[in-house]
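Right after this note come the structures.
The two complexes that follow have subunit A in common; it is paired with subunit B in the first and with subunit C in the second.
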Partner chain A sequence: MKCLVTGGNVKVLGKAVHSLSRIGDELYLEPLEDGLSLRTVNSSRSAYACFLFAPLFFQQYQAATPGQDPLRCKILMKSFLSVFRSLAMLEKTVEKCCISLSGRSSRLVVQLHCRYGVRKTHNLSFQDCESLQAVFDPALCPHVLRAPARVLGEAVLPFPPALAEVTLGIGRGRRVILRSYQEEEADSTAKAMVTEMSIGEEDFQQLQAQEGVAITFCLKEFRGLLSFAESANLSLSVYFDAPGRPAIFAIEDTLLDGHFVLATLSEPDPHSQDLRSSELQRPAPQLQAHSTPHLDDFAADDIDSYMIAMETTVGSEASRALPSDSLSPGLQALCSPGPDSEEEEDDTEPSTVPGTPPPKKFRSLFFGSILAPTHSPQGPSPVLAEDSEGEG
Partner chain B sequence: MKFRAKIVDGACLNHFTRVSNMIAKLAKTCTLRISPDKLNFILSDKVANGGVSMWCELEQENFFSEFQMEGVSAQNNEIYLELTSENLSRALKTAQNARSLKIKLTNKHFPCLTVSIELLSLSSSNRIVTHDIPVKVIPRKLWKDLQEPTVPEADVSIYLPALKTMKSVVEKMKNISNHLVNCKILNLQIIEANLNGELNLKIETELVCITTHFKDLGNPPLASENTSQDGNSEQMAEVQIDIRKLLQFLAGQQVNPTKATCNIVSNKIVHFDLLHEDASLQYFIPALS
Partner chain C sequence: MPLLTQQIPDESDYSLVASLDNVRNLSTILKAIHFREHATCFATKNGIKVTVENAKCVQANAFIQAGIFQEFTVQEESVTFRINLTVLLDCLSIFGSSPVPGTLTALRMCYQGYGYPLMLFLEEGGVVTVCKINTQEPEETLDFDFCSTNVINKIILQSEGLREAFSELDMTSEVLQITMSPDKPYFRLSTFGNAGSSHLDYPKDSDLMESFHCNQTQVNRYKISLLKPSTKALVLSCKVSIRTDNRGFLSLQYMIRNEDGQICFVEYYCCPDEEVPESES
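Here is the complex of A and B:
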């Protein structure tokens, strides 16, 4: 395999490596007929990412030495990332980048041709490997959401960097809602601030999902793809299904495409339910009135609904003085089992019992074929290789 | 108990953000006191934690275009909430170019101070960010611990030099000052001042003694009159405090106040009184014995 990247594309490649490095520790490099594929998976196998750079992305692209099977390799993310560590340096000094892989030398060679004739050569050792292939199909996901990466980038900006997971859903008036996901039960002592971002439908290029659907996924990986998509000024599509089913985040261009597949929390947790219930538990007239954009009208707020029902003169501790069932009954029924509903229904997970820390239920089901039969040189399934351009 | 308020003016929003950033730097958790015309951020540390206390006061009219509150009762028309100050400052950070900001006391599984921000965006759409800051409502019997501290009768009262200058001096002293005495780390900062407009910042270790002298700072008129009969205006009033507390106070000041006074009660306490355009801050650091 031999390929040559020039000009601004070197930085694009570098950016892609940066976003992959947020996910996995190993990078799978696979030269295919329809382009160079870079893939990774995280250690718990709950997140998978791949970029496919079309042959047109390169000035020169040769998947395999004629007459030979294309090689595949697995390298340490750390060592490959170090080649592209400084994006500013790549942009300023690197004129072209040559990546070659030959079975004879057992080295992946990355050469950076810099200004003033400086040439940096990185010889990276690699391991042979099977093709890393997640099984996913965006077409099977009933819900689709597409927006310029900038819109989604601004939407995740208010969330703290340390936040692990975020819930994405469709709220009242078909507004797209992002909310910080909290692991703790509400009655634990250390409560974190909950942030919610609500964006109007008009900022989205496509919104194919009904009100009330929601998924929870990891923010770090999402931010990784977002920063790549933002720098390339692309639109990002999110394909998702019921909670627990993997969500697919995709960007597509004529020269490259990227797919991140992230596990989603399988359990409709109290908070994401809350997102739905608080948005959906409104009387019908309000739902019908969504043709006029519903602003949170300050003057029209019913102040009593926000009243804190609390007696501060008695009770040794404020939090204890707060009746735990001071929520409106309608909400409570949906949000948490009340004190008198101990007998839970069969389909309710036992972990919704207050006080029990909910186990995280990220699944890594989508790697069914990871140990596929050894001889599968034909590369990815048609799904992964789906390309807006066909033969490039 | 009800509270809601709204800011629409960008300058007011900036000022409010600045105050909340300052509070976040000064105190990890603080008490927010809401009364019909004032907001107070209060810190009253336990003696074990150093005994620092803070009293920050804002006139609500200077910030809010709408302000409604209903306290515990007609006689006690106040609300006391305990919150993590960083949460508030982080919430306000997202309001940098907001069209409006609303603060409400809400109940979402637990009491919250809900900050709801309507963002400006280029398109016609509107975006709303909502932050639910968990709060603890403080029962009335604990209110008495959270009253405005009485300003002690000062031995010397003096205007402070530029806080930035003070900060850089104290920062450098701090590196030298923490030394071991009898297996105990001391972080002593000596502040002394007299009625002749002189202020000294001092540290002393076994090896070195460093003093920074500030001159011609001026003394507030009241304090000078009270003690002038004592005669000697050169007489220094001295207090030894934890240098880390002083540095924390100085680091929290991003904007130079219109007036900054330091009151020293010898060997007891030092009281800083800062007057900003629309907020005032009092900060008390007790002496280390």
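Here is the complex of A and C:
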């Protein structure tokens, strides 16, 4: 594989790497006939992101050495990011960037041609890997929002940087509402502030969702894609379904497209479902997932530490590279809500054990963990593997 | 303690007196070598040299020539003392380290001699602060015996070209390898870190290259942890001269222009790491 990026596109590439770095620790680089794909998935497999740069994005693009199969590789995000670390420098000094991958040297070579004839060559070690591919289809999501990235970017700006999740929903008068997600029972006064932004329908290029629908997802990853889309001046589409099922955030351009698939919080409490239907007149409360009232014990815990819960089956498999075929069933469940036997078992655990983290739960995108829409919400399941915020 | 009652000595009792209208002309340059707690100061009639060393492998010298000072007198042939550089810098920036437009901190520095404290009188806006910093027994400093007649390769670069390179050095690499050669790659900085290797090449005809005199290909490795502190000098400087001698010793000379447009020099010497293994180059 060999490709050459010139001029402003070097910065675009760098920006994409920066936004991918908010998600995963490893970068999957795969040269395809229809462009260079950069993908990543987070460690709990609740977020997946991919960028595809079309051959036209490059000055020169060759997916594979003629007569050979294209190579793909997995590298540490940190080491690839270090090449593009300073975006200001990329813009100011880098004239072109050449990325090449050859099996012979088993190195991914990134060469930056800078001002004054200075040339930086990074020989990065990589691992062979299977293709990383999440199966998702925006067309199957009943709800769609589309707006210039700037509109959404400005809307998330007021949220505190430490805020983990945000709820996006449609409120009264078809206004789109973004609201900071509150951990239930947040008894401490420190968590007392709720930020809510409301955007009129007219700011959206497309708004296909009825009043009352809402999803809650991680803000950090969303911000990553937003900052990329804003700098490229693109529109961002959000495709989503019921809470608990993945939401797809997409940007498209003639030269590149990007898709972020983020798990959304499943609503654990039937009570909150009631609220949704009965209180359509009051958009604010319906956007907040309500809690079971008796979970006092964890109030002092670090909220982020149990942010993403995983099932045991996921925990054991998530640690190794995923063969592409094993990735599909989970997300196919999106379109064909079949019986999730494994998951039923996990979910029918007896409810609240004292000291158990709350039922808030992001589902892994990959392993049969997508709630079927008919699936009645169950009690909280114990967290078996925690995701810690610190590794990002 | 007789310090409070003792008589203010006459000017002639001091072995060193120096005064400066803008203390930042001194403090900035001392910051460029501030990578260890202690420094040794040598004063002669030509000025002051402040030396900091680490691990018997690296030495940094800041030269503040007499002309930088408004008043500079040395009574003896040379005056030597060791001082806590951190404390000295704290005192020099006692009125704040970031410049306030329109205000200058003036300094008068006096040293009576062996065993006496270094006296600093700092004045800003009519407020005077008096600092006494105890001096210490001077230690012998390393002699790198870096002689210009033994220099094999010499390059002068505009600092801007190295600044970014040094700030982005892959610190997971133990060494920085410097290649200087009359042929390609001319001047190359390489690191060998966890993620792989990186090379940074400067062509000899680059606009950043002020002068290029390389006679023989030399590949030497230096501990990156020892060279990293020189970034402090690099960011302040406008030009840097990079020289290596026949033993592979490295000399980095930084030309620093102070706020009044005067030129000062900071110099780093570093000895090379063990022999370069044949396999990696």
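The criterion applied here is as follows: the second predicted complex is superposed on the first by the 269 of 392 C-alpha atoms of A that agree within 3 Å, B and C clash if a C-alpha of one lies under 4 Å from a C-alpha of the other, contacts with A are read in each partner's own complex, and residues count from 1 in each chain.
Everything below uses one rule, namely that a contact is a pair of C-beta atoms (placed from the backbone, for glycine too) under 8 Å apart; a residue touches a chain by one contact, two chains touch by 3 or more.
Worth saying up front: this structure is predicted, and the values here are computed from it rather than measured.
K.L.:
Once chain A of both complexes is superposed, is A:158 in touch with subunit B (first), subunit C (second), both, or neither?
P.N.:
It touches subunit B, and subunit C stays clear.
K.L.:
Which one hits more subunit A residues, subunit B or subunit C?
P.N.:
B
K.L.:
In the overlaid three-chain picture, which partner chain does A:82 touch, first (subunit B) or second (subunit C), both, or neither?
P.N.:
In the superposition, A:82 touches subunit C alone.
K.L.:
Per the contact definition in the header, classify A:195: touching subunit B only (first), subunit C only (second), both, or neither.
P.N.:
Once the two structures are laid over each other on A, A:195 reaches subunit B alone.
K.L.:
Applying the document's definition of touch, where does A:203 land relative to subunit B and subunit C: first, second, both, or neither?
P.N.:
It touches subunit B, and subunit C stays clear.
K.L.:
For A:124, is the partner it touches subunit B (first), subunit C (second), both, or none of the two (neither)?
P.N.:
second
K.L.:
Given the touch rule stated above, what does A:6 touch, subunit B (first), subunit C (second), both, or neither?
P.N.:
A:6: touches no partner chain.
K.L.:
Going by the contact rule set out at the top, does A:107 touch subunit B (first), subunit C (second), both, or neither?
P.N.:
Second partner only, subunit C.
K.L.:
Residue by residue on subunit A, keep only those touching subunit B in one complex and subunit C in the other, then list them.
P.N.:
Overlap of subunit B and subunit C footprints on subunit A: empty.
K.L.:
So in the complex, which bits of subunit C are touching subunit A?
P.N.:
161, 164, 168, 170, 194-203, 205-208
K.L.:
Please give the residue numbers of subunit A that touch subunit B in the complex, ascending.
P.N.:
It is residues 154-155, 157-158, 160, 186, 191-203, 293, 295-296, 298, 301, 303, 306-310, 312-319, 321-322, 326-327, 335 of subunit A that touch subunit B.
K.L.:
So in the complex, which bits of subunit B are touching subunit A?
P.N.:
1-2, 4, 6, 66, 68, 72, 84, 87, 90-91, 94, 100, 102, 104-112, 114, 116, 118, 121, 123-134, 136-141
K.L.:
Considering only the defined contacts, which subunit A positions touch subunit C in the complex?
P.N.:
75-76, 78-79, 82, 85-86, 89, 93, 107-108, 116-125
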